[in-house]
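What follows is a set of structures for review.
Two complexes are shown next, each including chain A; its partner changes from chain B in the first to chain C in the second.
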Partner chain A sequence: MKTFVKTAMLGAALGVGAVLAAPAAYAQDSVYAPNLSYRTGPFAATGIPLMDGQRDYILMLNERDGGVNGVKIDYDECETGYSTEKGVECYEKTKSKAIVTQPWSTGITLQVLPKTNVDKIPILAPGYGFSPMANGKVFQWAYNPPASYWDGASMLLNYVSGGDMASLKGKKIALLHLDHPYGKEPIPLFQAMAEKHGFTFLPVPVGLKEMQNQSAQWLQIRREKPDFVFMWGWGAMNAGALTEAVKTKYPMDQFIGIWWSGHDGDMKTVGEKGKGYKSISWSVPVADAPVMADIKKHVVDAGKSLIGGADDMDTVFYQRGVLISMILVEGIRVAQDHFDTKVVNAEQLRWGLENLKIDDARIAELGMTGMVGPFSTSCSNHTGHSGAWILQWDGGKFAPISDKLTADAEAISALEQVKAMEYAEANAPWPVNEACK
Partner chain B sequence: MLYRIAGQFKTNYRADHALFPVRQDAVLLAVILICALVVFPLTASEFTFQALLIPVLIYSLAALGLNILTGYAGQLSLGTGAFMGVGAYACYKLITIFPEMNLLVAIGLSGFFSAAVGMAFGLPSLRIKGFYLAIATLAAQFFLVWLFEKWAWLYNYNASGAIQVPTIDMFGIRVAGPTASSIVQYYFVLLVVGLMTFFAINITRGHIGRSWKAVRDMDIAAELVGINLLRSKLIAFGVSSYIVGVSGALFVFMWRGAAEPNLFDIPLSFRVLFIAIIGGLGSVMGNYLGAILIVALPVVLNIVPEALGLDINAATLEHLNIMIIGALIVTVLIVEPHGLARFWAIIREKLIIWPFPH
Partner chain C sequence: MDFLHSILIKPFADMVAAPDFLMQVLWEGLVSGVLYALIALGFVLIYKSSRIFNFAQGIMVVFAALTLVGLHEKGVHALLAVPLTLLVMLMLAVAIERVVLRPLVNQPDIILFMATIGITLFLIGFGELIFGGENKVMITEQLLIPTGSYTFEPFGGFLLIEQKDLTAVIGAIALVLILLLFLNRSKMGRAIRALGDDHQAALSVGISLSTIWVLVWFIAGVIALATGIVWGARAGVSFALDVIAYKALPVLMLGGLESVTGAIVGGLAIGILEKLFELYWGQPLLGGNTETWFAFVFALVILLFRPQGLFGEKIIERI
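So, the complex of A and B:
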């Protein structure tokens, strides 16, 4: 008899699933902004501070201003564990009422990118995703402001060459990267630049299974003696690479990571020995920014935040999460003003994200002075190319040590054009917005 | 009462050997088929298609392939994920080299590539057995995933190293690519899975299936009664890898739309193996039951709290989900080590004698 009950329950559960197809009703005075979060799984340590920052900024707006222009933002998380399969499941689950997709992994981005043209929901992938998404003519529904991976790669080259790319001639640059769509993203740009400026480019892939044991890769680096090592690492790979770099005594000041490789949590495992490690970042943590004070007052002190303590608010990733939500909210605000409506839909938000104007005055108004560089998007430029700073680990925290760097826009946009067209051809018939200059 | 077999007399051998000697089984199958063919497609939403129906069918097919090798022929394999990958990459190459090829043909052909690779890795099975063979198939798993990563020709030198499904039309209907509708993809998958299941049921009932079972139960005895062990094992590897390869092609072309090499890594192999074990080794229906438990149940559990109006943090929900599924798997295996298929068989036996058990 026990077996009967069990099977019956199983059957009932499945029946419920089939019925649950219809989306639940939601209030009209709010907009639904889901986030495909990953607070579980192998990358949770890097995901949690980002998601917390995103969540807390929106909670703060809802508390302080009652949302944007009186419309509350219904922030919701759908857990993916950084798994592409779960990500697509979340996308399907949220798409009926969502105004935005925040895929949070290059793999999920690549997967949902072709579907957005059909479902008409904008993808917002700040600082990650597919670099050619910057080309708004081809990728009408995808946004990766304020800087793409190719911007990052180009700025890194500008930084190590001191602004004079000719000085790189004959040098050797290694790219230690995760062997995954994310890690492979900058390779086309590095290859193009290596050809143009005459340096040797050496990609050193790290498999997903080797993230914590990179002795083979570092042996190769020691043998090849590159002048610089750039890192496109994520999760456990960052700490693994830093530990190996310390062990092989690779000079820390020649070792620079992309913005996702500059996580305070990773550095704490290396501590003092990681002193001098640098990471490029389009966001800078500013502890005394007015926006952070507001978040502290309305969310953290009120006990509504999920972060461990107020100290965690000064980390690079938490503040970057805040900025990411800011970009989304600004998109909503621009769309509200333009369409003269309160509750924007996905199509209106698409217009909003395309017409962002985040200048210094706006950044100051938002209470974010110094946290991010000014940028604006347009119909043909979905990235904005804001620029970035080099942050250095001083043994306890990351601090900016450079002026704002800018990317080589000419070289990047040429490559973007080529790769975007390649993508459109491979996925033909792909709609291209010819109206856009 | 519902399952009364009294009065169903068999008057010839043909009727006695029918696929469904009991009428109620045939009726049940008809009900399931009507559900699958008419009721689900009419009622399902996009989400139900993409998160429940299509993946359950595809995972069932993969588990069916593995079950032929492990459940029927007794050769434990840990390389299923990689063999699925072979099918997927073969189908991708076929479609990109011959864009005018019919997708059904391409998927059918891609199974042969996977069968060839499977047989090559199955060759050592004559000499090594049991856990040692599992290690040999593990080698296939590592080698093939490495190959998918390093051999750039396989993914047409795409910068991200992933394969992306192009838009494909078949007889004027869009079947694959981002603009294909879910209902078309569902019917396509259902057709392929249905055909494969029919084929699998018949092959496991015939002399080949009998030789597999003999090899599984005691290979020395099987050899003594005249079964060619190598031939029998290689056929098992070939047929199993063929089905697994087809499921891999469906996995990428009909469901995922894009795939990176590490998708076909060990976690996928284990997932399929769990489906086969929990569903029931040596059964065809068990694969479907197992896939429902492993693939569909977590998705359903994820939407239950929301439907009930409970506000649970997404990460907590995920943790709860993992715990519930884990507990269910352990419970099923303790209560019925032979899997869900055996579970159903017991229920059926009881139903037949109900309400007057001896």
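So, the complex of A and C:
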């Protein structure tokens, strides 16, 4: 009897606790936006500044404006450690009340992609994920604005060729990539472009256990003598590659990373020796942007941020995290206006994400001038293809050194169509919205 | 025919055609091998004395390296930070013996193995709480480790040897020699070996189990710090260092879990052979990244002929 009474009391206490805790999470004036974050594990060094930027932008909006049109955003993190299995668990755990899922890994994105069709939750994967997700007719619930990996690959080729792709004929280009779905993502595009433009493409995979000891990969690069090395690295792999590049004496200005391989924290390991290393980026850090001043005032100075100090705000990844949250918030705002409602649901957010109009005027209104290029999405175009810049490490920070680059839309679009249909056929029955209604 | 040529002739022809490149491959293999041997030694010492497979060896590398860098960031001089880090590792060894191992004496091996998984998870969480997850730069010049490089031109080619790799190799060899001397010549070392041979017999002659366990976990901590400095100098110090412990598993399979000589020979063999295979067979024929599996396949082939590993003890159990 005593045990029963104790159990009943404990149950009652938990019940009351849950009811008391509920208003914050389920309040009618908030929307729940979980983030499948990775602040721990081998990729934490990459994840932490990105998550900090995402979190601080939302906190700033909640503090400064009371959210979006008076609706607070309930930002929540579910830790995945960049593990696909944990990521899927986080998706399942959060999906019942989430209006969006932000998977933060190409592996997790590929796993939850079929589930979102059933659960009707939009995937938001800015600058990552599966490149054919750009095809909104096939991937109705997936969004990867403002640029996909294939955009990045195309722009890198555009940059090293000086705009004349014919000049790449006879050249050799190596891709040093993490041996993981993320790292393999640009390979189809590079292979197609190599065939079309007559250059040799050499993929050089790096295993998870080899991230910190890439001597074999860099010996291969030394032997093959590629004209350019592109890198699709993540976490500790970036620092490992930079150390080996310095050691191999590979010309730094011929070594260019994708936007996830251009992290200030990674460059600290090589410092001055990494001078000249480049990274393509769809975002540019602007220290004096008005939005950054607002984040500093409402979040950092108020002691609500998780960053180490105000200096961390000027890094590429922190500011990219801010932009990623901006894309989500703009989706919510557009949906609110269109559906004339304040608390949008997942289906309404889906409409918002495919009707984004981030033009120069809107970027200025957001206090983000210079931080990102204008882009817009549509039912058939879920990426937006904003373009990107080349940033170069000057020994202390990354700074833009190119005009805005654009991708070869024609080549990418054709490949997106082919690969999207291949995916749909391989996962049949897969709903396709051919009419885009 | 082309296929056979690419497997049997071409790799060797490439080695002869570019001997400087072969020397570079062998050097890089030697450096990796010495480091694998070092990690494997940490496993072997604990297994020898307590029959525990220490799953926490990898995270101890991270913890030791982060403590060293963390202390230096707090303003402690690098040369003082090293003994302080060793003190932290000693405290960790004492805590593990008191809190985890002592209550589990006489429990089956699998329970003790599971306990080391628990230690791993605790150290990951505790480490992230204290040090954060960001990549940190390993102190090298402050530890008087030279960071330049030597270049040679053998056979008219090019061979580059980094001073910090050379220091790592010399340091690791010195550490191994000191350990061997300690294990074979000192009273405590003999006690560790006695405990490894027979727990009951060792206890009956007055060897203290608690003291020896603290000692071997501390020695594993010393090895972890040395490994952390060397690997951290290559690509920074972060929780990604944890995965390098897995590189020691095939070394243990190959050398035998209870053999110090096996750890050294196994580490060197795997380090050199996996580099040779990757560069001359893996990359040209299999698309590369064979280092992730080569060592395991190689160790499995050896186990077919010597199930106890190259230097492991042949265990015969009466039924």
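Going forward, the second predicted complex is superposed on the first by the 411 of 437 C-alpha atoms of A that agree within 3 Å, B and C clash if a C-alpha of one lies under 4 Å from a C-alpha of the other, contacts with A are read in each partner's own complex, and residues count from 1 in each chain.
Please note the rule applied: contacts are C-beta pairs under 8 Å (C-beta built on N, C-alpha and C of every residue); 3 or more make two chains touch, one makes a residue touch a chain.
What you are looking at is a predicted structure, and each value in this text was computed from that prediction instead of being measured.
Within the superposed three-chain model, A:179 lies in touch with chain B and with chain C [touch as defined at top]. In the overlay built on the shared chain, the residue A:343 is in contact with neither chain B nor chain C.
When both complexes are overlaid on chain A, the residue A:436 reaches neither chain B nor chain C. Of the two partners, chain B and chain C, it is B that touches more residues of chain A. Of the two partner chains placed by superposition, only chain C is touched by A:45; chain B is not. In the superposed pair of complexes, A:379 makes contact with neither chain B nor chain C. Of the two partner chains placed by the overlay, only chain C lies in contact with A:239; chain B stays clear of it.
In the superposed model, A:219 lies in contact with chain C only, and not with chain B. Looking at the shared chain after the overlay, A:208 reaches both chain B and chain C.
Judged by the touch definition given at the top, the superposed model places A:418 against neither chain B nor chain C.
The contact surfaces that chain B and chain C form on chain A in the two complexes overlap at residues 39-40, 179, 205, 207-209.
Those residues of chain C that touch chain A in the shared complex are 18, 21, 24-25, 28, 31-32, 124, 128, 132-135, 137, 149, 160, 162, 231, 234-236, 238-244, 246-247, 274-275, 278-279, 283, 287-289, 291-292. Across the interface of their complex, chain C is touched by residues 39-45, 47-48, 179, 203-213, 215-217, 219-220, 222-223, 235-236, 239-240, 243, 247-249, 265-266, 268-269, 271, 308 of chain A.
Remark: chain B residues 40, 43-48, 50-52, 149, 159-162, 164, 166-167, 177-179, 256-258, 260, 262-263, 265, 292-293, 296-297, 299-304, 306-307, 313-315, 317-319, 335, 343, 346-347 touch chain A in the complex. Every residue of chain A that touches chain B in the complex is listed here, in rising order: 2-4, 6-7, 10, 13-14, 16-18, 20-22, 24, 37, 39-40, 76-79, 81, 84-85, 88-89, 92-93, 95-96, 106-107, 110-111, 114-115, 117-118, 130, 179-181, 184-185, 187-188, 205, 207-209, 306, 419, 426-429.
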